[in-house]
Amino acid sequence: MNMIDHLPALQVIVPLISAPFCILMRNHMLAWAVAVVASGAAFSLAILSMGFVSDGATLTYAMGGWEAPYGIALEIDAFSALLTVIISGASLLALLAGAASARQQLVDEKQPLFFSAWLLALAGLLGITITADAFNIFVFMEISSLASYVIIAAGPHRKALGAVFKYLVMGTIGATFYLIGVGLIYMMTGTLNLEDIALRLNDVSDQRPIFVAAGFITIGLALKAAVFPLHVWMPNAYNYAPHIVSAFIAACATKVSLYVMMRFDFMVFQPNLVGHEFQFSYFFMPLALIAILSGAVVAALSRDLKRLLAWSSVSQIGYIVLGASLTTEAGLTSAIAHMFNHALAKGGGFLIAMGAALYYTTTRFSNLAGLGKEHPWIAAAFVVIGCSLIGVPGTAGFISKWLLVSAALEQGALGVLIISVVVLSSLLAVVYVWKVVELFYFAPRPEGGSSDVMQVRKPEMLLYMLVLGLVAGANIWFGIMPGEPLALAGQAAQALLGGSL
Amino acid sequence: MVWLDLYHYWVFAILLMIGYFSVIAKRNLVKKLIGLSLFQSAVFLLYITMGKVDGGTAPIIGMTDKTDIFSNPLPQVLILTAIVVGISTTALGLSIVVRIKEAYGSIEEDVIHQKDQVE
Amino acid sequence: MIELFNVFLMSMLIITALAMVSSRHLFVTVMLSGFFSLLIAAIFLLLDAADVALTEAAVGAGISTVLFLGALALMDVEETVRGEKWIRIFSLFVVAVTTLALVYAAFEQPAFGDPNAPIHQHVAPWYIQHVPIHMDIPNIVTGILGSYRGYDTLGEVFVVFTAGIGVLSILGDPVKNRRQRVVKKAGLRHYLIPRLVGRTLIPFIVLFGLYVQFHGEYSPGGGFQAGAIIAAAIILFAILEGEDQALKIIPMRGLYFLMASGALLYAGVGVATMLMGGRFLEYGVLADTMVAGQQWGILLIEAGVGMTVTGVLLTIFHAFAARSNL
Amino acid sequence: MEPWIPFQYIPLIPLVGVVAILLGARVNDNVREAATLITALMTALAVWGFAPAVMEGQRFSVTLLDEVLPGIPLALQLEPLGAMFAILAGSLWVVNSVYSIGYMRGNKEKNQTRFYVFFAVSIAAALGIAFAGNAFTLFLFYECLTLSTYPLVSHKGDEKTIKSARIYLGVLISTSICLFLPAVIWVHSVSDGAFAAGGILSGVLSGPEVGLLLGLFVFGIGKAAVMPVHRWLPAAMVAPTPVSALLHAVAVVKAGVFSITKVVIYLFGVDFLFAQSTVGWMLYIAAFTIIVSSLVAIQQTNLKRMLAYSTIGQLSYVVLAVSVLTPLAEVGATLHMVAHAFGKITLFFAAGAIYVAAKKTELYQLAGIGRRMPWTAAAFTIGAISMIGVPPTGGFVSKWYILAGAFQSDNFVAIATLIVSTGLTATYFLPVVYSMWFGKEIEGPVANHGEAPMAMVIALTTTAALTLLFFFLHGPVKVMEQQVLLGAL
Amino acid sequence: MVMLIDILATGLMAIGAFFVFVGGLGALRMPDFYTRMHAASLTDSAGPIFILSGLMVQSESYLVAVKLFAVLVFLLITAPTASNALASASLLAGNKPGLAVKRSSAE
């Protein structure tokens, strides 16, 4: 069989295998190069597979030649293809842009370990996305979680340690909950393959264990996805992580958990459990609404760029969950599209923070004042990305807002409430984004503001600027012609509601 | 008698409670980690229990020539993996605790919190 | 009779757990947790899970206890602060809710040991039936672990690997840390008997480890248990003779290679099968017959697992020891 | 004149200009300003090029992207209303940039490049609004205009300016997100949202829905400054005068009323609305705004603030005329858009000139300034009487049409409002004019100053002249206008 | 014959169990650390000897018997070593034998 058939396997294997090579590199630049090459390969593979599934097809792969349910099956459909593109893209761009930042924040001899952990996190996330086996999801979830603890803990500030410990405890609880849920399902069905579970669930005599399993799995994944009110670990973790890590993790990590959650709930539970879709939406809609507002409020109050972005993530995740909780095709489409658009915007935001920190060491507002005069391009990029966060027409953020609102319109009276919340939070977004814009352009530079603390190498800076421009451009490009991601999102939504994997 | 048939299940539930409680309630980081491992081993018990078959033996062909009823091997495989995951998590957590101790001079969450508030 | 014994062990388990949580002295807690692992291992054995029991004993009672002790050597072992009241109440509430959910799930579950439970009907029988045909090895668990769910095991190996490099990057390179600190008393110089006995035992332990490693297809055991045992042997040596001696035998760089090459060996087998025209980890193509290929594959990957686990556990141990006065 | 470039490329001309300006700025200021002027001229020519064709009743339309959102294209079309707005904006831009060169130099402002760049960008956005082919496209460019004018309003960059700019942005963004966006999405969810003669919503919506949707539009399009969403306009007074001119005459508020007119005519359809019972309130809102804003204007002591409130009132004339919903009134609405543009830009130019030359901003200071700055004062007078609506100025023509339209449907509320407000307008303009000429001069910050810089004088005399001319040659505008209505009614 | 073996095995195991029990009792009741440890060491020296030999007698195949013997040997090597290490450790830590202290104080 030719290599194309191996696509799903390679998608995971390539970064996985290159991780051990990373630690054997003695020179930190070499390790970085390995990481870049691996992510680049993963990204191109993702693009390739996206091409295959864009017409609604599904790529399947039987690991070890054992057909499911006896072996572990891999599967790439529209949804997972979109996710793989997001993940590998985020990793590649963050690595390219972050060369300088990594040198600034990490000790040289630790970098091989760091980048190897990075690759493991990447491989783990990809593995979760691609596999079609309930337990295999757990294994790769653990790879990605452990690896992300490691790379977050590499943050220079000692608060990073506390944040990571909290993340570790809550993450492990979440994973164990998931494991309990899978165990209960396995107890009642005797299989682990998602399709097979979906098939066998409806002739399970007693549904109560399944309900409980649904509960455990949903809560566990919600914990990992930082769905309000289980988000307490996230802001600090994103805030104190190394900037390069924040740019990567914030763009994709939580979305993967959301992906698993939606996939499990819509493909396994809702077709088989009576009235489960109502439980799902009534459980999540209020949480999402609160999350959207509270996250935006805290973001508007915060005095630190990364902190602001982290809290805005809380509210943006709220949008995704809200879209999903409508349990309609339009709603799901908006949710999935927002996964992509938010990845663009938030990844870009943390890139800005990275660049700012390169020059002013920290991302506190007091340090960043007047950035626009010294580094006009970074400031300009922030304006674009900020607009995308707000959802100004012509940017990617607007597309998903539009979809969400038009999806809410179908809901009638409830829709009005939803729309008003969305509108309100957009106004809050205006507040917190514009706070930063004014800070960049109109506030005076603080005297002796620690400017140019590290000598920045030209090529690194050039690379950073290129990536930043690329991301900002993408935010506009996908705001004007969102064709491909939107098409994928639509197909994914249909597949989810079609109830077939 | 349903209740006694599920004895193992109750034990699992109780262990889970104990571990879970000490993860949430204890303020001492090492205690939290211990609770975490307790929490996980409870789940191991759940899996292994459901794999047991009456009158079955360990799923190794020809180890005992008495019977060819085997207990379910699949949960055992899963738990082998899960145990490994558990120890890895514990090791990582412990290393973080060590660093926290060095950075803050304490492993009591409240003390750490105060020290963060100070700066 | 066996049931009764079972119940007795379980009750012991619960008592131990309660003691662990309630004791304010962390040293006691850690010791109890070792005991807890032994108990639960015994229970696993009674539940026909020989491999799991072996692993739990090697990991829970052995490695993790050592790790906790190594960490405690750096810390004040008294649990001083007691959480505020509302936290305890809140957590009690959360725990209660969780438990209620579990109780709700309990009713009309398949009874314990019921041969007609769904899990004994669907996938597992197929395994039991096909392991002899596909790979012809007695230990079904190893068969599933190595081949049918070999991808999971690959993931498992990489989890361990992650933990290894994680601890390294969080605690820093042991060798450097030792150089920074004052040289501690090397091992148990003035404990004659333990050193003597230990030295005599270490070869046997290693031997047993190798036995578990390569006999894994026939009896309980496999790469992971073997790795744990061999690592334990070397850790014992380090305790007796001191860090530096142990690091002389296997230097850090060597451990790096051990970790990496183990993982690479495993993944490499998969790639090889790909290049030889099979799926990833489809060992059948490795040799001319299906069975031989499968056996080769399982042997190789088990070796990979063993290498990585040994390397990682030793690395973690050194990393901790370099910080503490173990 | 002949079209020399496809109309959908016209909005690109200013953007090309931006590049030219940025490059020019690297050389020196003259090159930069030359670039601005040339761009403005090109744009004006380009839009004028379409005037004849459109007058003969041709329509042009093109789809740029056929699927931005599912089933929603990014479409442009050129129809008389839009063409007129485009011509207005394009040609006034020329005058305005001549003026701003004088103003900027005379005032030694900072960041002049930024000023010219964003000016060009906002013109491009305004053209986009003019050519918008469906509700979505309209909204898109509307927001672009808001954002691109923000740097202009906050040009000075001091504390006070930033606060006012915040209000400006806050009001405009929040109204557009809270009301305009839902309205647009609503329209697109029930129809294809493409602007078409005679409206597309008749039969799709009914009863209260129509009123609600109309309300969303009228208040959502905050740029029209219908009370109570007018707060941003006085706040924006902190901007440099050319910007105020841009806001009040060239682009922004015009874009607002233009959008409302366009929505009423091409989305609802005049006769459809006329048949509705639930849209009468629009008239009353407009009337209320006119009266109140005039009363407020009377109390102002600062020249530019007074002008700002007068603008609010004058805009509501347009809304009023639209909501009278008779053909003549619609004609009047459009004519008034133009007439007010000429008049108000003249007034602002005059105010700016006085500020640059004499650094005077308060009304009482203007006493007797006419003897030192005859040209400026004359221009101001013309503008003022055009505001009041006295012949021979453009203001008279438009008011005439509106009144005629009101009589067509015996709409006495409108008639009364017009008459009363004319009186009020006279009350707050005539004293100023009087004191300018005959008042006894008082010492200002600058002793014995003369006229403003030449560029400014040229500009303001031109616009004053246009205001007069409009009284005699409003023909073309009317022709274009009427066939819109023939199409629409 | 079989009967005899069974009796022997049961007897041996009973004795072993008795030793283990006594050891446990001692570990609880003895006055100070060293005496307790002495009692405890009984459980893993004398106890296993009897119990394992009982099992050996009963085991049906020689392989099993040999394995059991190996286990016994290991126990007999390691257990005393452990006790020794423990005792000397506590001695090093400055923990004086209690009875000795009492006697010296009595004189």
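To keep things simple, chains are lettered A, B, C, D and E as they appear, and every chain counts its residues starting from 1.
The definition used in the following text is that a residue touches a chain if its C-beta (ideal position, glycine included) is under 8 Å from a C-beta of that chain, and two chains touch if they have at least 3 such contacts.
These numbers come from a predicted model, not from an experiment.
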| item | value |
| --- | --- |
| Chains contacting each of chain B and chain D, listed by label | A |
| Furthest chain, CA centroid comparison against chain E | D |
| Chain pair bearing the highest count of C-beta contacts | B-C |
| Centre-most chain, if every chain is reduced to its averaged C-alpha atoms | A |
| Of all other chains, the one whose Cα centre sits farthest from chain B | D |
| Distance between chain centroids, defined by C-alpha means - chain A, chain C (Å) | 31 |
| Distance between chain centroids, defined by C-alpha means - chain A, chain D (Å) | 45 |
| Where chain C and chain E are represented by their mean Cα positions, the distance between them in whole Å | 29 |
| Separation of chain B from chain C, taking each centre as the mean of its C-alpha atoms, in whole Å | 12 |
| Chain E residues counted as touching two or more neighbouring chains | none |
| Multi-chain contact sites of chain A, meaning residues that touch two or more partners | 135, 139, 142, 146, 149-150, 153, 186-187, 192 |
| Sequence positions of chain B contacting 2 or more other chains | 16, 20, 50, 74-75, 78, 81, 85, 88-89, 92, 96-97, 99 |
| Chain-to-chain touches, reported pairwise for every pair that qualifies | A-B, A-C, A-D, B-C, C-E |
| Of chain A, residues touching chain D in the complex | 387, 391-394, 399, 402-403, 405-406, 409, 419, 423, 426-427, 430, 434, 438, 441-442, 480-483, 486, 490 |
| Chain B to chain C touching residues, read off their complex | 2, 5-11, 13-22, 24-28, 30-31, 34-35, 37-38, 41, 44-45, 48-54, 56-63, 69-81, 83-85, 87-92, 94-99, 101-102, 107-111 |
| Residues of chain C touching chain B in the complex | 7, 10, 13-14, 17-18, 20-21, 26, 29-30, 33, 36-37, 40, 43-44, 47-52, 55-56, 59-60, 63-64, 67-68, 71-72, 74-76, 79-83, 87-88, 90-92, 94-95, 98-99, 102-103, 106-115, 117, 119-120, 123-124, 127-128, 131-132, 138-141, 144-145, 149, 152-153, 155-156, 159-160, 162-163, 166-167, 170-171, 218-220, 224, 316, 319-320, 323-324 |
| Residue numbers on chain E that touch chain C, as the complex places them | 77-78, 81, 84-85, 88 |
| Chain A-touching residues of chain D, taken from the complex the two chains share | 65, 67-70, 74, 139-140, 143-144, 147, 154, 157, 162, 166, 169-170, 173-174, 177-178, 181-182, 185-186, 188-189 |
